[in-house]
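To keep things simple, chains are lettered A, B and C as they appear, and every chain counts its residues starting from 1.
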């Protein structure tokens, strides 16, 4: 198990954003997290990543209890994430954005003097990562000048630069065109099996195209976990989505 | 331009500037040389402000404190131990860095306007401490020092031109060092922290530690500037390390373009020029009131700067919103 | 113990006087900062303006004082409104721009003062009737300062009650705590801000008029009282009158008593107090601002 959540709860005053969620994710899995808005998915990501501490429960990463560890330490253990709102470094170039994770993973992030040769090597790696996600030729563009879809692609490249063991993707396809989404799906499918992927997604093409397991959250609680087919057929899941647009999608035959 | 030519231009520009700077004492008047010396010394202080404000995104009004620590530490050393400039630099840098590290422990946990407020308090409290602790610092009388000799064996520098060359040599060395640090992985991390702290934490960076190191480094740099102040002025008093010094440096950074080191120094050149050279032209009631002009210029600059002080991220009550694609700030 | 108090009684009373002085300044700064994250670095300049008014309008008697107060209120209202208006256009650009604008204005203000005063501290005597000292409980103390403590104390109480008990105060408190929520309730928070800015400025200028015999118009006084206000806000917490009062009395006491007991180290004491509070309670002793 690469990730285990054990009765994780996060309360904000009397609001329970996440309540008693337990989850086990095997190494190499492609695991999707879905649920209506407000289900607590992003909060759960924050709890896994470490920007939030649980009110109750434990988070275990690769068998190690990381509940008390700050976010940056968990990142160093191998958790990388993207954010729902494109969180990139606007004044830095696309390559520099990716370099942030790459240089840290290479162990040179604290060097106070430049090493041109090493930097060239690392930048080469950045440029190949950018190519992988579809941003070749954009390496020297400031992130602030990239389009919305390009920034989402950049985030994936940045996350991969960390050589993570667990990749948390928060709605990676949001706002992407169909072509961009298809490209993203290919990139994710091509990822090696030593990276585990956990993603939050509303685009069910991506979910059913990639995931081998799907977990549904509703109102902060775990509702169901199973294969995509099982989830699709689950009546409890269907009623949770009642009234939202996704309902129609769930009923459409693939 | 072809790449080769471009590369050539990149080296030629700065090289020409350095040559001009070195040649200056042989062609310019004594007044201009002493102005230039002041610009170099305060330019180093401005660079320390730029490192924190322009590169790391922490707006500061307190660097004069560490400048003062460096200057007074140098004065003490110069009066009771040695006149050697290199020793002064080492002592002053260490003193500035030490006090910065200590105060930084608390201050570096805050951001934006709160950070600005705290550094302002640190600057002023240091000024008060220096004023009150007169047994050590001489209080409002200040401390005069003998002439400095750069290295063991060299004679003490009494000539304005020679002092200028010594200050210039140290300045160029430190400028190169700071420019290198900004280009280093550490420098990239600081810029990342300025742009998006949450992103940096998620990428495995202990943000507070990085900022503390930057703050300490900046304190050491300001301390070194203090040692050079003693080299050139041979005198320090509380009024030389007051709030207006930090304010001038911040104004210089803003005018010179945040984040650029040579811009910071050029900004300080502009500040000194406006205050002394232009202000010196005022006659009658306004005589000597160059700072007034500077203040007005600054107010105008704050209004007219096209994108405001881009690059500085402040604590806002909303999370960083999604910027419109194509714009360069959020 | 009693002997110690006796020896330092004058300093302790002085500490109260300075504490109340700093309160009149800090409360406006704290509320404006707590409400809109606008750090008004020209706040000390307002005090200096008030002190200058006291010098310029004094005629040795009560008339001058009353005139000074009236002028102070007018200048405060005008100055506060002007500052609020000048920082408004920069609101969308961020709080640092606004702070830097006030920095520029404070520099201009300090220079104008230097022009008016010739660079020397200006005399500011209280009205003739109050120039002497009185004897209280075996100690001799300047009469004006005792009156100042009384007047400033009443002022502080009035501000406190208005803030904590009146419905207008409730509006201000709500805006400090959650500006967006108040806006959704249909209140024009800009008007509230303008009002708080103006009242805070009036307090600062009037503080200058009344405080001139204690801390008179001199070069650098604007920076000094600004920093003292900032230390008060840091220690006492943002956006609360109670915090400003508590912080101000504490700072006034530490500063004055510190100067009396260990004149070489008074600044270090204040430094130390500020850092201890920051390390233990980063929000200040009492903070009402919803954390970001």
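Heads up, the rule we're going with is that a residue touches a chain if its C-beta (ideal position, glycine included) is under 8 Å from a C-beta of that chain, and two chains touch if they have at least 3 such contacts.
No experiment lies behind these values; they were computed from the predicted model shown.
Student: Quick check on the contact network: minimum steps from chain A to chain C?
Tutor: 2
Student: Compared with chain A, which chain's mean CA position is the farthest off?
Tutor: Of all the other chains, the one whose centre lies farthest from chain A is C.
Student: Taking each chain's centre as the mean position of its Cα atoms, how many Å separate chain A from chain C?
Tutor: Roughly 50 Å separates the two chain centres.
Student: So the centre of each chain is just the mean of its C-alpha atoms; given that, what is the distance between chain B and chain C in Å?
Tutor: Comparing mean C-alpha positions, chain C is 31 Å from chain B.
Student: Return the distance between the CA-based centres of chain A and chain B, expressed in whole Å.
Tutor: The computed centroid separation for chain A versus chain B comes out at 42 Å.
Student: Show which residues of chain B lie in contact with chain C when the two form their complex.
Tutor: 59, 61, 103, 106, 109-110, 112-113, 116-118, 120-122, 124-126, 128-129, 131-135, 242-244, 247, 250-251, 254, 285-286, 289, 291-292, 294-296, 298-299, 302-303, 308-309, 312, 314-317
Student: Using the touch definition from the top, list the residues of chain A that touch chain B in their complex.
Tutor: 49, 51, 70-73, 75-76, 80-81, 83, 85-92, 96, 99-101, 103-105, 108-114, 119, 142, 144-148, 150-151, 158, 162
Student: Under the stated contact criterion, what part of chain B meets chain A in this complex?
Tutor: 180-181, 183-189, 191-192, 194-196, 198-207, 217, 310-311, 319-323, 325-330
Student: Looking at the complex, which residues from chain C come into contact with chain B?
Tutor: Interface residues on chain C, with respect to chain B: 33, 37, 39, 41, 89-90, 93-97, 99-101, 103-105, 107-108, 110-112, 114-115, 179-180, 220, 223-224, 226-227, 230-231, 233-234, 263-268, 270-271, 274-275, 278-279, 282, 290, 292.
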